[in-house]
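The data blocks that follow each hold one structure.
What follows is chain A paired twice: with chain B in the first complex and chain C in the second.
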Partner chain A sequence: MAVVDPFETRADAAAREDRSWLERIPAAYWVVGLVLLIMPAIAGDFVLFQIFGWTFILGLIALGLMFLGGYGGMVSLAQMSIAGMGGYMVAIFGVSAIDTISLGWPWYIAVPISLIIAMIFGTLTGWLAVRTEGIYTIMITLAIAAAFFYFTRQNYVIFNGFSGFNGVLPPMLFGVDWRGPAAFYYLTLFWAALGYFVVLYISRAPFGLALQGVRDNPRRMSALGFNVTAHRVAAYTFASLLAAIGGILLTWQSAQISPGTAAIGAAIDILVIAVIGGLRHPVGPFIGALIYVILKTYAIDALVAMGLSGERFQLLVGVTFLIIVFWSPDGILGLWDKFRESRNRDPLTGRGGEGP
Partner chain B sequence: MTDFARRHPYWAAIIAVLAAVLLWMIFALWPAWLVDLIGRKKIFLNALFNGITLGGLYFLVASGFTLIFGLMRNVNLAHGSLYLLGGYIGYGVAEATGYWLLAFPAAFIVVGAAGVALQLVVFRRMEGQDLRQTLVTIGISIVAADLMLWGWGGDFYNISAPSWLSGPMETILVTTQKRSGDLVYLKYPLVRVVIFLAAVAIGIGMWLLLNRTKIGMLIRAGVDDRDMLSASGARIQLVFLGVFAFGAGLAGVAGVVGGTFQSIAPGEDIRFLLASLVVVIVGGMGSIPGAALGALLIGLAEQFGSVYMPTYAVVLTFLIMVGVLAFRPQGLMGRA
Partner chain C sequence: MTTVLEERGSISERLGATGTANALELTGVSKLFGALAALSDINLVVRPSERRAVLGSNGAGKTTLFNCVTGDFPASTGTIRFFGEDITQFPPHERIRRGLRRTYQISLLFTGLSVLDNIYLASTGVSRSRFSFLRPRRDDALMASAENLVRVVHLEDVQHAEVSTLSYGQQRQLEIAMALAGAPRFILFDEPAAGLSPTERTELIEILLGLPQHMGFIIIEHDMDVALRVSESVTMMHNGRIFKEGSPAEIEDDPEVQALYLGGDDG
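The block that comes next holds the complex of A and B.
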C-alpha cells in the first residue's frame, strides 16, 4: 500500500513518483513500524498489555471520532457507546461467565454479528445526528451515549444490568492464548495499524474526498449532485466499525463489560483523546491515547510524588486537556505544525520557508 | 392559540381531548376499574405533582442555558457545574447564617460572577468557534467537578427548608373516598409548591422582561441579528455579559432549589447538564416558552416513568428526545 508522508513537500512528491513502492515509504514509518514490531522483546508484560494494548484500543475507538470530526466535521460523543455495544454483543452471542444470558456461539459467528449490530446501532445514531449540525450533534450524541449507559444499567434481561458480563475471553485461535501479553499486543497492533491505514486510504479515496467536500461546503456538494446525508451517515457507519472493533478488543482485554465501560465519563474521554492528539491526521488519536493511558496509569504516582493525593488524577487530565484545547485547538499535531512552521520561517521576512 | 387550532385542527382536537381526560383524572373520584388498571389515584397525583415541580426545577436550569445559547450561540457545557456550584454555595450560606432565603441571592451573585468570568475569559476569545467552546467548557467542567469534589467531598448535602415551609399542605384534590363516606384529600409538601410557584413567577418575569422592556428588545434583536444590532450602536458586549451573568445566576439559584428538593452531590452536574440539554433540544434552542414546555414534558416523563415503568424511566426521556428530533428537529417551539 502506498503510504504518504503527511508533511512532505512538493519537491519530495515529484521525486517520489519514480521510486518503487517500497522506497516510497517514508523513513518515519520504517522506524515506528520496527520499534512497534520488536516491542515485545524490550518491554515488560505490563507495558505491552496495559499501556500499549490499551493505547491501541482507545486509539482505534478515537480514530473513528477523528475520521468523523476531521474529515466529516461531525463530532460524535457516541463512539464509546458503539464500542460498548460491540463489546456487549460479543459477550451476549459468544461465551461469558453469565451463561444464563450468553448464547455461547463460536467466535466466527459471534464476532461478525457483534460488528454488524454495533454498525447498525452506529448508523441509526448517525442518522439521527446528521439531522442536526455542529454543536447540536455533540449534544445529541452525548444524550444518546447517556441513554445507552442508563439503558444497559437498567436492563437485566439482555444487558445484565449493573454488573454486566465477566469472563468474556478471546478465542483460542491457532493454539495461542490471545490474552497473553505479547499475543494481545500484536492483536491490538494489527487492528490499530489496519484501522490507521484504511482511514488514511479512505481519506484519499473518492468517498473520503467527497466527505471532506461535504464538511467544507455541504450546499455546494449537494449542488454538484452528491447526497450529503448519505455521505454523512456512511461516515458514521465506518466510524462505528472502528469503534466496534475497539470495543470487542476492550472487552477481551479486561475480560468483562459493564455499563461503566460506556459511561458518560468514558465517552468524554474518547473526545479528550482525539482532541489531545489532533483531529487532522489519523496518527493523532494514537498519540492522544498514549498520553491519556500514560497519564491515567502513572499520574497517581506522579501526584503522590508531588505531595498531592492521587485522587486528583481527574484534575490533572482536565487541566492538561484544557491547556491543549485553549492554546492549540489542533492538539499535539497542531503544536507540531506550529513548531515546524516557526523553524522554517524566514527570520527576515517572517514568511513560511516551504520550498524555494 | 387560536392560530395553532386553525392551522392544525386535528392536533388541537387531540390535545383538547387529552387535556379533558387529564382534568377528569385530576378532579374526579376514580372508579374501581381505573384503580385496578393503573393503581391508586394518590400515586398518580403525586407523580403528576412531582413531575410538574421537577419540571419547574429543570426550567430554572435550562432557561439560563437556552437564553445564553439563543443570544450568543455560546455552548456552555459547564452549565451543570454552575448548577452544582450554586448548590454548594447555597448550602454553605444557609448553614452558616441559618436563613434559607439568603442562600438564593448568595448563589445567584457568586455563580453569576463565575458566569461573567467564563464569558470574559473563555467565550469572548472564541466567538463563533462552536467546537472549541464545547471542548474548553468540557475541560472546565472536568476541572470544576474535581475541584468541587476536593472542596466539598463526595457527601450528599441537603439544604433544609425553614420550618414555615416544611411539612405537608392540604390541597383541595380528592384522592379517594373512605368507606364511611368521608373524602380523603391529597397532602403535598408545601416547599415544593412554593418553589414551583417561584419558578413560574421567574418564567413569567423573564417573558415580560424579554417582550415588554427595552433590554428585552435589545436581547431579542441580538438573537435575530447580532451583527446588525452591534452596527446600530448597541453595546452588545455589555448585553452579552449581562445575559450570561443572569443565565449563570439562574443555574446557581436552581442549584439551591435542587439542594432543597433532592440533594447536592458529585455527578449531579452531569445529570443536570444532560437534563437541560434534553430540555432545550425538545423545547427548541433559544426559546424560553420552549424551555418551559420541554422542562414540563421531561419532568413529567421522568416521574411517571419512575412510577409506572421503573426500569426504563431514564430511557423514556431520551426516547422523547429522539422522537422530537426525528419529526421536528428544530424542537417543539423552535423556529425552523
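The block that comes next holds the complex of A and C.
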C-alpha cells in the first residue's frame, strides 16, 4: 500500500517545481471550484441547504475518519459522537430554546469552548482506542458511541434527555442570516474546503508522513525515535476538530440537537460515507457524503415511482453500498483509478501505460 | 516512566557530559521466550568509537541482542547502559532519541515514499518537528541533512524515486542512511551485507569505513570479509551466550571458533 496520496508524489512535485503555484493547480480544481462557487445561481434553495449543506457537513465529519483510517490505519466509530458533543456544547453554552439549561453565552465564546471540549472528548477516546488494533478499535469506539448516545438520552440535567435542544441558531454575523440557503451553503462550503485542503497539506507535512509511517510500520517508526502512541492520539485530536466543526454546523442546520443525532445508526453512516467514497484521498468522504445524501433524500421518491413502498428506502441505501463495495473495495476513488488504468492500458500487451 | 526528554546538544557536548562512559554496557542481560533462553547472562562492553563485529551461527542470539538493546523486546533480566545512562526500562523511541540507531535484517522501509522522504522521516523522528503540521520549506535544515545523507550512501541518482522501485542493494543502502539520520552516537547494523552482490559489498564496506571516526557501531555479519574488514574487535556468540571475544586475527585463528562456526569454510 502506498504511503502517499496517489495523486501527487514528491517526484511529481519536483518536476513541476519551476512553475508558479497558480499554474500548478490541476484543471479539475478550477472546474470543481468554479461550479461550487456559482452553485447558488443555478441550484434551488432545497438543493443548496439540504443536499449540499448536508453533504459538506457529513463529508467534513467523515473526513476526520478518512484521516484516521486512510493515513493512520485506525477506524473509529466515535466520530459522530464527537460531532454530537460539539453540537451539544454549542447548544449548552450558547443560545437555545431550552433556556433553563443553555447559558446563552455569545457565539465567540460558546463555539471555541465547544470545539475544545469536543477535542478533549475525542482525545480521550483516542487515548483509549490506540491501545487496541483493527477490529478491537472499532469495538471500543462503538462502545463509546453507544455510551454517549444512552448517556445523552438519559441525562436531563446537562443534555436535556430525549428531546435534547432546539432553537440552536447560527449567529447573525455581518447582518447575514447564516441559515439562509445561500449563506449556509457558503458557510459549509468554506469549512469543508478548508478541512479538505488542510488534510491534503498535512498528509505531506512531517506529522502526516509520520502518521502514515506509523500505519505501515509502527515498529520501524519507534526505531526512528517516534512515540507511536502519542502520534496516534494526536491524530485523534485532529480528527476530533474536524468532527466538532461538522457537529456544530449540523446543529445549526437542523437548529436542534438530540440523542438521535449521534445514535449508533448515525455513527455507522459516517463509516459508510467514508468507505463508499474511498479512504485514500480526502476527496473521498465528500463524494461518499454526496451519494449518501442523494440516496437518503430521493430514495423514497424513487421507490414510490417504481411502485414500491417508500418505507424501504434504507434497502436502496444498503444495496448501493453493497454494489460499490463489491465492485471496488476502495470505494468510488478505487473505481476512478480502475477506469483510468483501463484507459491507459496498451491494447496489445494489456499492460498499463505511462501516458496521460 | 520517569524519563524527561533532554534538549539534544551536539555530540561533543553530550560526550563531555557523560565523561568517559562506555557507549554500551550490558550486565547480566538475559532474554527468555517462555522456557527458551534466547540470551543468557550477556556481559558486553563497547567503547564509544569502537567498531565491533558480532558473529555466530543462526539462532545464536545476535538479533535478539540487538532487540534487547533497542528495546524492540525488553530484556528479561540485567541492565543496559548507554553512555552511562541506564536505559533498561526505556521504550524504544526514548533510546533512539538518546542517539542509538539500528538497521534491520529485513529492510523496514516506507516503500511508497521517495528515498529522500524516507531519510527526512528518519531525521524528524528525533527532532521536535516530528509533530509539525507544516510542510518543510526548501531551506529546511532537516531536508538539507537528508540530502547530505543521500550522498553519503551513494543514492543521489535515485533520491526522488519511490523506494519500491529501488534494487535490493539500494534499499540496504537506504536502510543505512536512515540509521545515520539525526546525529547518531552509536549504531547497530544487523546483517547489512545480506543478499548483496560482490560489487555492492565493496560499496558497503566503503560506506562503513567512511563513517566519522567517533561513531562506533556493532555489526552482525555472516560475511567474514565484510565483518573483519570494518571491525577492530569481534564477539563470538553461541546458543545465546558470549563464547569468545578478541581481535579479528585472534578469532580467525582460534581453533574452537573454527570448529564451531567457520567449519570447513575458508571464510
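We adopt the following convention: the second predicted complex is superposed on the first by the 339 of 356 C-alpha atoms of A that agree within 3 Å, B and C clash if a C-alpha of one lies under 4 Å from a C-alpha of the other, contacts with A are read in each partner's own complex, and residues count from 1 in each chain.
Here is the rule we use: a residue touches a chain if its C-beta (ideal position, glycine included) is under 8 Å from a C-beta of that chain, and two chains touch if they have at least 3 such contacts.
Keep in mind that what you see is a predicted model, and the values were worked out from it rather than measured.
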{"item": "Chain B versus chain C as contact partner of A:Met306, first or second or both or neither", "value": "neither"}
{"item": "Which superposed partner A:Ala41 touches (first chain B, second chain C, both, neither)", "value": "neither"}
{"item": "Chain B versus chain C as contact partner of A:Leu271, first or second or both or neither", "value": "first"}
{"item": "Contacts of A:Pro206 with chain B and chain C, given as first, second, both or neither", "value": "second"}
{"item": "First, second, both or neither for A:Ala27, with chain B first and chain C second", "value": "neither"}
{"item": "Touched partner set for A:Leu224, first chain B, second chain C, both or neither", "value": "second"}
{"item": "Overlap of chain C and chain B interfaces on chain A (superposed complexes)", "value": "none"}
{"item": "Chain C residues touching chain A - in the complex, by the definition given at the top", "value": "70, 72, 91-93, 96-97, 101-102, 104, 108-114, 116-117, 120-122, 124-126, 129-136, 160-162, 178, 181-182"}
{"item": "Chain A-facing residues of chain B, complex", "value": "75, 129-136, 138-140, 142-143, 145-147, 149-150, 270, 274, 277-278, 281, 285, 311-312, 314-315, 318-319, 321-322, 325-326, 329"}
{"item": "Of chain A, residues touching chain C in the complex", "value": "1-4, 9-11, 14, 201-202, 204-210, 212-213, 216-217, 219-228, 231, 234"}
{"item": "Residues of chain A defined as touching chain B within the complex", "value": "75, 128, 131-132, 134-136, 138-140, 142-144, 146-147, 150-151, 154-155, 264, 268, 271-272, 275, 311-312, 314-315, 317-319, 321-322, 325-326, 329"}
